[in-house]
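One chain, subunit A, appears in both complexes that follow, with subunit B as partner in the first and subunit C in the second.
Our next item is the complex of A and B:
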């Protein structure tokens, strides 16, 4: 049976993943709540939450074309940035009260350049995100966050006290703890939840008020405790890569018998594997340290390939992964060399690796099926 | 010398032979501007010879990037080479391997949409033809391909055990950001000391910075002279300025860099006064809003001859550099940081915000009385491609026509030279410029 039919909690989360302004968000807005968008998982959500605002991670969900954005961004820019910006130009993000961005990648910093010129979001900021994780970078990142704190306070007429920051850290740590609990269920031989279902949950965590999400996740965890997996699988897979917020992509893979049991995604384990230090004297410093240096990184952090590799290898062992899929959105330069390094390392270690190019919001189902089918067969052979 | 070392300098030795031949030809067939074209080649030759000598004699040397202040390395008395310069230099220095290299990168397991320049630079590493340095100063700006390539360098078996320092370049230009990068530069100094034993004396840094200041002052003077109509020179000498300020010796008197700049300014002045430009019959003044492709020699003479078009300014010959206050260590590091974050070619048009880029474009159009702007649209410059719409808008406001071509500045098979000429020709005709 489909999890969405079995569990109303999951159905709500899944719905939030498939839409932008989902019912909990509408309800939040209806009660006068304000929403601040962000693009990149490096954004310390706790700062937004502590301001009494709701953090929402920008997606291109539901976008079917980029015709408006094409007038600005070029055919060399990635489809993720174009779909998101297209939605903004079409007014689909008019409900945002603010947007905080980093110079996460070239496409997004240019998206920022257009967003501030062409979209009427009241408060739009761009912060610098360091590309390495040493102490001076953490300190500089902390200063960036301190500036943001001041700007949020001024813009939204709120006080972001250390106490409120600590409460927000506690709330988001609870989300991470619950999500880790969900991930642990995937270590067993017959997991009670599929990779696509987990992705739906993690995406929902970026689109709902934290307390409501945590309540739903607690319910879901109880509901699936004794759930029986419905399908046999041919291989246990791990997925690595950039912006992946569409569970249907994993559904195609899992439909072929490749059960996704682990990931290194920014909508996945990288954002929840560790927690922010709740006992730190300086909560802002704890956030800077956690978000920049205290958790598995993506290749945006240039100096951390070795630690990413260690993290991935541990997950491969712990989750008994048979093969790895690396997905990259075409034109993404940040991920361009990660596949190169992984291919060399995995070859030496005899770990099967499939590198896939994809377009955001376009499954390319036929090609995806063919590639994954061949990959699974190569592992079986 | 072992085989690995020998291979690492093989391309350098080939380039040395090519440069020697080019210089010999200049000697044998003197031209009016030979005195200006020769020193930049001699400078490259000197750098290559020194790098080879370091490898052969096991002397410490660095690989570095064009954003690392040469003043620091000069003052520390350590030799370095810019490994990214190799792909660029194929433009002016014939490279018999270019075609085979372009073919080889097609099968490299990195995406084909990735900048060819970056793929070439990584290919050189894979091939083992980059002199293996004692230590390596890397960069994280101006764009994603550069930083992700350097991340892969750190992990590649060829250079995995070469110590690397990667200064983190902030995106903004406020005081805190500049101070942060100045501190990154101080950490660069510590890193160099740790791995080469060379130390930095502030007086020596001042001496080197004052010397490059003199060179930059003359380049700025030359920059102003290029505003003249007709332009005194084509774009090649202006491009050579970059090489002359960014190499060893620029900070010290011994190699005659300052004299070359003086000579350049004097020649430009004479040509302006006498209205005797290097490129005759100039009817169209073009701003080429990026660096010129490595196969520019197949396009520029045609533009000049057939269209009467001169590149009045391009982003390699652009001199936005500000002089550095040498009053104290703090002012020097801050000045060097500010320069590295915004001024060098590619950094300027890539690492900057759209607002800064467009302001630069508008300024150049105005100051150089530009008739038409050509944005080559190098396939690897995705961040710049994202600005096309804003560039077009800026040109419309300035009343000049704008052409975006779409090419690979390192591989003419992406958009053929004929197609590029065709686009340019139609652009000039359509805009009523010829």
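Our next item is the complex of A and C:
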């Protein structure tokens, strides 16, 4: 049975992934709450939460065209940046009270340049993200966050005290702990939840007030405890790659019999595998250290290929993964470089790897099916 | 045991009938707008050749190609990648690399000693280096697909066609025509540009001898010659029409699955 009909908690989360301004967000806004958007998973959510604001991760959900954004962004910018910016230009992000961006990649860096000039978001801030994770970079990142803290305080007329930061860290750590619990359920032979369902949950976690999300997730965890996952599968897959917020993509893969049991995604395990140090004397320092260096990294960090590789290999073992899919939005050079190394290393280790290029918000279902089906067939020999 | 294989592609439908290990019927037809109709037409022709009167006489049918999901009389579907590998390997067991160039896809498949897929690469969402590309070029040159294929038309000084996009390449070709460039050199340039693209795809997979071409575009002799030259190898010719390799593979799978299920029930 569809999880959405079994569980109203899941139905709410799933709905939140399919919309931008979901009902919990609307009621937050209705009560006078403010929302600060962010693009990149490097953004320390605790800083926004501690300011009494709601962090919301920007998506291009529902966008069907990039004609407005095409006037600014070039043919070499990825479709993710274009769809998001197109929505902003069309007024679909008018409810944002602020936006914090990083120089995550060239496409998003350029999106900032245009956003700040063409969209009337009241507060837009660009932060600089280091490319290494050693002590000097963590210290630099802490300075960036300290600067953001001051600006958020000034803009929204609040005080972000260390105490409030610690409370926010506690709240978001609880989300991570619950999500890890969900992930652990996928290690067994017949997981009670599919990869596309898990993606709907993790995407929802970036679009709702923390407390409400945690309550929903607790309910869901209880509900699926005794769930009988009925569908037989042909292979256990792990999905890694760039920005993926559309559960339908994994649905196509799972519809062919490739059950997704693990991932290395920024809407997935990488953002929840570890927790922020709650006992640290300097909570801001703890955030800088965690977000930059304390969790499985994204290829945006240049010096951590080995640690990422170790992380993926461990998940392959722990979750009994038969094959790996690397998905990448066309023109994502961050993942193109990573993919090059991965392809060679996986071939040497004889781990089946399928590299898929995709467009944001376009399933390209026929071509996706052909590739995944052939991949599954090749694993069966 | 009589089994059928269907390959409903973007440009053509292919059908093969195998009786007791021999190909007794094989046909190729242009795709209609309705995959089911294409399947009916092409399979009925293969069946006629096999001396049968109805699709019902087939013990099992496996379908591949873009239309593989929609054919009511096919019990199973498999990807065209597995089917081309299996078909080519069945015809020539020493084949280790298959370059399949179809109507809207081109792919390079690395094949095991058993005929299974080890690895593959496909073009991404673009008609460059496929049948659609050649159709557009033939239109721009008013020479027909035969004109592009014929070895008599492959000039000694191929033009450089820098655009891989069919639309842009077409305007590039029109420019060359208007500059009065010898048609044979333009044709050679077109085949060379596709051969370059295919050879880099093949290098990404890794070229292991023997290598063969399948799919409709394998009939383009100019392209085959250019590709062999690019890769520095001799391409192995298949003893059957290489366009039916996918349908043949599907039929072989149908036979194998049938045998396996018979073993299971007896």
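We adopt the following convention: the second predicted complex is superposed on the first by the 381 of 381 C-alpha atoms of A that agree within 3 Å, B and C clash if a C-alpha of one lies under 4 Å from a C-alpha of the other, contacts with A are read in each partner's own complex, and residues count from 1 in each chain.
Throughout what follows, contacts are C-beta pairs under 8 Å (C-beta built on N, C-alpha and C of every residue); 3 or more make two chains touch, one makes a residue touch a chain.
Because the structure is predicted, anything quoted here is derived from the model rather than measured.
Contacts of A:330 after superposition on the shared chain: both subunit B and subunit C are touched. Contacts of A:357 after superposition: both subunit B and subunit C are touched. In the superposed model, A:159 lies in contact with neither subunit B nor subunit C. Once the two complexes are laid over each other on the shared chain, residue contacts for A:136 go to subunit B alone; subunit C is not touched. Contacts of A:381 after superposition: subunit C is touched, whereas subunit B is not reached. If you count the residues of subunit A touched by subunit B and by subunit C, you find the higher number for B.
When the two complexes are overlaid on their common chain A, residue A:366 makes contact with subunit C while staying clear of subunit B. The contact surfaces that subunit B and subunit C form on subunit A in the two complexes overlap at residues 330, 357.
Partner subunit C is touched in their complex by these residues of subunit A: 330, 347, 357, 359, 364, 366-367, 370-371, 373-374, 377-378, 381. Residues of subunit B that touch subunit A in their complex: 108-111, 113-115, 122, 140, 143-145, 147-152, 154-157, 166, 168-172, 176-177, 180, 183-184, 187, 350, 353-355, 379, 382-383, 385-390.
Per the touch definition, subunit A reaches subunit B in the complex via residues 71-77, 103, 105-107, 109-111, 113-114, 117, 126, 128, 130-132, 136-137, 140, 143, 299, 302-303, 305-306, 328, 330-331, 333-341, 343-344, 355, 357. Within the complex, the subunit C residues that touch subunit A are 66, 78-82, 105, 112, 114, 116-120, 122, 124-125.
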